[in-house]
Amino acid sequence: MTEAILTLESVTKSFAGVHALTHGALELRAGEVTALIGENGAGKSTLVKILTGVYRPDGGTIRLRGQPVAVTSAAHARSLGITAIHQEAVVFDDLTVAENIFIEDRPRTRLGAVDWALMATRSRAILKELESDLDPTTPMRQLSVAQKHLVQIARALSVDARVVIMDEPTAALSHREIEDLLAIVRRLRAEGRAILFISHKFDEIEAIADSYAVFRDGAAVGAGRLAQTSRDELVALMVGRPVGQVFPKTEAKIGPPVLEAQGLTRLPEFEGIDFTLRRGEILGIYGLVGSGRSEMARAIFGVSQLGAGHLLLDGQAVRFAHPGQAIKAGIAYVPEDRQSQGAVLTLPIFQNVTLARLGHYAKAGFLSGRKERKTASILAQAMQLKAASLDQNVEELSGGNQQKVVIAKWLATDPKVLILDEPTKGIDVGSKAAVHRFMGALVRQGLAILMISSELPEVMGMADRILVMRRGRSVGLFERATATPETIIRAATDA
Amino acid sequence: MSLSIEQLAADVRADREVHSARKRPFMRWEWLLLLVVLATFGLNSWASPYFLDPYTLSDLTYNFTEKAIVALPMALLIIAREIDISVAGIMALASVAMGMTAAAGYGLPAIVAMGVLAGLLCGALNGALVTLFKVPAIVATIGTMSLYRGIAYAVLGDKVLKAYPPDFAYFGQGYAFSLVSFELVLFLALALVSGIVLHFTVVGRRIVAIGSNPTAALFSGIRVERYRFWLFTLTGGAAGLASVLLTSRLGSTRPSIAVGWELDIITITILGGVSILGGKGSIVGVVLAALLMGLVTFGLGLLNVPGIVMSIVVGGLLIGVIALPILFRQMRAARRGT
Amino acid sequence: ADKPVKLGLVAKSLGNGFFDAANKGANEAAKELGGVEIIYTGPTTTTAEGQIEVLNALIAQRVDAIAISANDPDAVAPTLKKAQARGIKVMSFDSGVAEDARTVHLAPSSDALIGEACLNLISDAIGGSGKIAILSATPTSTNQNVWIGVMKKDLAEDRFKGLDLVTIAYGDDLADKSYRETQALLKQHPDIQGIISPTTIGIVAGAKAIEDQGLSGKVWITGLGLPSELEGHVKSGTVKSFAIWNPIDLGYSTAQIAVQMVRTPDAVGPGKTVKVGRVGEIAFDDKGLGAMAKPFTYDKSNVEEFAKIF
Amino acid sequence: MRLHKIDRDVGLFVITLLLLGGVALKFPDFITPRSLADLLDDTAILVLLALGQMLVLLTRAVDLSVAANLALTGMLVALLNQAHPGWGVLPVVILSPLIGALLGAFNGVLVWKLKIPSIVVTLGTLSVYRGAVYVASGGAWVNSNQMSESFLGFIRTQMLGLTVLSWLAVVGVILFALALRLSVTGRNFYAAGGNPGAATYAGIDVGWMQFLAFTASGAIAGLAGYLWVSRFAVAYTDVAQGFELQVIAACVIGGVSISGGVGTVAGVVLGALFLGIIKNALPLVGVSPFWQMAISGLVITIAVILNARGDHSSPRRILEEARP
């Protein structure tokens, strides 16, 4: 085993009373991928931000090749050879691809001016290494989510970093893109870099990591070689208690059709989508990122307008001019981006929960805080929300707990049809199981669920039937019993 | 079928308790403002022997009531992440509309209705620019600011409109009871209504949600654009109403009426603790800030301090009242940190 | 008089040399009379709303008299009436207010005299005949418009038949706009020979624009302005001569009259003739209007001397 | 898909040419070289101020205090010149940007260190600086005869057919274009405002960039103070009152996004020229003075509507403050 390049010893960090990290400890070795796992809010991203100089730790020691260092800024981190792909997308939409790649250190001419030509050449070279033929002069805004991700990886590679940190790099990627990413990680490892890989997906971790570290409630609770442990053991370490089955699909009584789509079209985003969603059913929608699933969901929900096609709710033709009508009709939509579309971060939890159905908590327009809190409290308990109080602002919660608040908001609207867009994106196993159990409970109560997911195991595990979309068209409807991962991926990718 | 949340909760086995202790938000800003208001009051009484006089105190209110009436919907607008810089221009145009109505021989109700209506229409145009044409509010209303006042100039030129019926004087010069002006009573009533709407009703909560996260608000079924439109219209209407009061107080209309008021109105709103970033603010704060502006300007006026020097004080107050708490917090944090 | 008489002297706006000079005159009168306190004040910008705030502050201080040069004759009237109702004597000077809101108005000169003076000056500058233009303040300023009206009427008379008024521009009393308007005037009418600007900012900015266009000596500007502000332009030859009444005397007379209104209320009013110290006597007509002398003309010979004073 | 920035500048260029042509139809002398030189001279100050404002807008802030800064610095250097006419113009040319930079830096520090929204800070300093002009001068004017010959003459000196004032604007434009394209700091303005959170992760201190932008904008406002006072040969308290809104309008017409990260030097120059042409043409084409304000208001509103259509990328708001 080689020497550790980077060592963390009892690093602590708190935010206005929230102890994000109480005992952060970690060892990274050259030529190794270390997986960092832990529930939502365990302090993983906080650790990343400390290592990259975004936050200053309150206490503890960081050693680089044995020498204690204090990382003072992102630029300093880079000069120390530490680079990171952060959990949030950190791209500049109004700059070009090349400038995004070299944002931290633009190549210069002898006179000190930014050397645009050299920047483009070097970008092209790095992108080529990543097997991409993106034009470096394209404005970033025109890129797809996956392409943006690629640029971020290229940025990490543009500096000769010895330590590469990836904070949930696969959360927004499709199956195929994940494979590509893992190949890159392997290559980085082969070049002798130390890699910290944060993910909630065990398949990936098992495929790529050499060692692991587990965080729970801000403290390191275990570390070791991946080969010497098991998934169950890791999960037990993460949650501090045994977890049941991850996809507890329970059979619910399937009833009559609730929502029927006939030839839904909104060009150029999607075209001619048909499906029938029945009471008590979970209909999974699988596809690559950018295949138009979210656009379709948003059009159903009235955020955007359908170009053509019919939507039947309980047999009645409906068309929603805005989300308010959809909500009234009994449709709920948990959007894919919880930070910008889901939660109102600066409002308290209970106000978030009641937001989509405020009228229900009001008499003659006057709100009843008691009523609001009662509903919020029940849902929070049901969702196993981790929060100090219902009056806490949502921004103070970890990503996973924010997502729970958003789901709670939609359950509070008393829907007939629930559309979930990437419901467990970036959620830890414990919460994930909770969400999945919840889905089971909901369909048993007669709800119909339309579940958009890029995570194949989730779709396979939870859905009764699976609709696969590719480039805005539906390319197949699979029954749970007959579907295999291979057939679905083939349909989605045209491989 | 209705979803039973209780049943759901039982179904999924709850194992973590989330307590719902009411964390009463300490209204720091309002307390701070109140303190400054009281201090200014004390300072005024100490510095000028004429201050503590019922007539003075009554006259003092005229320094802020009209601006404050516009500051109320402006607060709602800014809380919803928008802003209206054209309010003073609207006042000018509304005043011209009233003057022309009066000149045409219509009676009091028609004149007042015309003023408010003109304000509503201007506000609606602002709202349309922002919601239909997607022009950022600050930009759109910089444009309409000179448009509205420009129209007032174009229509009126060098003329003056003053054919107002005698009763019209009541709005800006009348007293509701003894020395309490009609303007003050109207402002307080409107403040009460705005406060209740903002802090206790569905509409208010939605405005706050829109200002905090417009996209999430939209996804939650709130008609974001519609709210924005009506808030602009409301602000225009309030500007029209303020124009009724001001025109009545001046007894005449000229196109230069209320020139430069937009900055005073926005200053009152911000001083009142309304966050320019949206999503935060209280009506109590706005009322206190209006009172503070009145006290400061009148108090300095009593000492015959030139108005332009007053503006140093008001500008300094705006920065100081916002900066000092931040500074203290930073210093405390720094001391704790080392 | 045992208690000092407090007189509020309200300018159109502070930071204006004309009113500063008037204040100087008022203080001279106060010293002469004894037992008089002058409170010189005014709003930040030339608005009626600003003047009302200032007036309210004066009322609260229980001044004995207010003398105001109004930004708007009607808008300040209600507040002045309130002052009168609380026992304060009110008069206006320079720029008047509605008749029922004051006892008397002291005009620096009569409108007819001012209009005529402007025409005489330009006629003199351009040699009796040629095209001329007027550069005014805002299109809404009352006294400007009255003077322009007088000029238009006089132009029809024989003695000014050589003068051809081609246009009226408005500089809004802003230096940059007045400058730009003058530039436009010169471009639009290349054959123009003279500009009349009966407003201090206009004449200063207009003179600069003429000089910058290299037309100094070819195009003349005149009007109403202060010697201290125009000294340079007279020397550079863009302004041959200009006129202004003496603001010090105006302030002096205003204070004299206002104090008499307080001390001997019956001596001042419409139809009365009032003694005003060193200036002599001023007669008020039955509308309470009184005028001082005709505007005084300044040129190369005397501008330097008066520039030191106002 | 939105218009590419370059296309937008080209569009504005065409519109500006059309405007110029339209005025020339009515008044042919408007496009003589002499008239165009006058136009440039008259617009030079607006161009310079708009460049500074663009820098601030790029970082998701706004500087409402530029006109007040201009007035204060202009008055201070005029007073200096009055007191020491013998010193010539050099100290004024050096001091005015320095004083302006100091005033701008004060805004910058409050935004950077105390994280107060820029609109609040500059609304406050707008009043404070304006009031300080009165305090500094005691309300008195500084008139042309109290200004030294070199103070007045410097910006009027002709070089190659243009005045020094016009050349200053030309040089400013070139410097800005180069700096924003070729210097790392220049590029970082775009990054800081385009995505402040990401900028922080990329090692760009957003607050610092805002501080730099405010200081630069202040320095330009200070220099413009001298230019203004010298050009109009008078300094008084109300100089350039309300001019800040015209500066912002020039930026917005020029395609600078009010929510940061987007804007080109070419666009800003065109935006300023567009306004300049309107201001200069309205009195020429014989529009009634009573209608001038309404027409320029209408034109600004329309220009702004047309330009805002490309700006849908980010959720609209008053000003998206840059907070990492």
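Read from first to last, the chains carry the letters A, B, C and D; within each, the first residue is number 1.
The criterion applied here is as follows: a residue touches a chain if its C-beta (ideal position, glycine included) is under 8 Å from a C-beta of that chain, and two chains touch if they have at least 3 such contacts.
Note that the coordinates shown come from a computational prediction; the quantities given were computed from them, not determined experimentally.
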*Figure out the least number of contact steps between subunit A and subunit C, where 1 means they touch directly.*
2
*Most contacts: which chain pair?*
B-D
*Could you put a whole-Å number on the gap between the CA centroids of subunit A and subunit D?*
44
*Express in whole angstrom the distance between the two chain centres, defined as the mean CA positions of subunit B and subunit D.*
29
*Any idea how many Å lie between the Cα centroids of subunit C and subunit D?*
35
*Could you check subunit D for residues that touch two or more other chains and list them?*
134, 139, 237, 290
*asked:* Give me the residue numbers in subunit C that touch at least two other chains, ranges are fine.
replied: 14-15, 45, 139
*asked:* Among all residues of subunit A, which ones touch two or more of the remaining chains?
replied: none
*Pairs of chains in contact (touch as defined earlier), listed by label*: A-B, A-D, B-C, B-D, C-D
_Parts of subunit A lying in touch with subunit D, wherever the complex brings them together_ = 52-54, 73-78, 84, 86, 88-95, 99, 103-104, 106, 108, 112-114, 139, 141-142
*Complex contacts: residues of subunit B adjacent to subunit C*: 48, 50-51, 53, 55-56, 59-60, 62-63, 153, 156-158, 160, 162, 169, 172-173, 246, 249-252, 254-261, 297-298, 301-302, 304, 306-308, 310-311
_Residue ranges of subunit A in contact with subunit B within the complex_ = 301, 303, 322-324, 326-328, 333, 335, 340-347, 350-351, 355-359, 362, 365-367, 369, 373, 375-382, 384-387, 389-392, 409, 411-412, 414-416, 434, 437-438, 441-442, 444-447
*Over in the complex, which subunit D residues touch subunit C? Could you list them?*
27, 29-30, 35, 38, 42, 134, 137, 139-141, 143-146, 156, 228, 231-234, 236-241, 279-280, 283-284, 286, 289-290
*Please give the residue numbers of subunit B that touch subunit A in the complex, ascending.*
1-9, 11-12, 14-23, 25, 200-203, 205-206, 208-209, 212-213, 215-223, 279-280
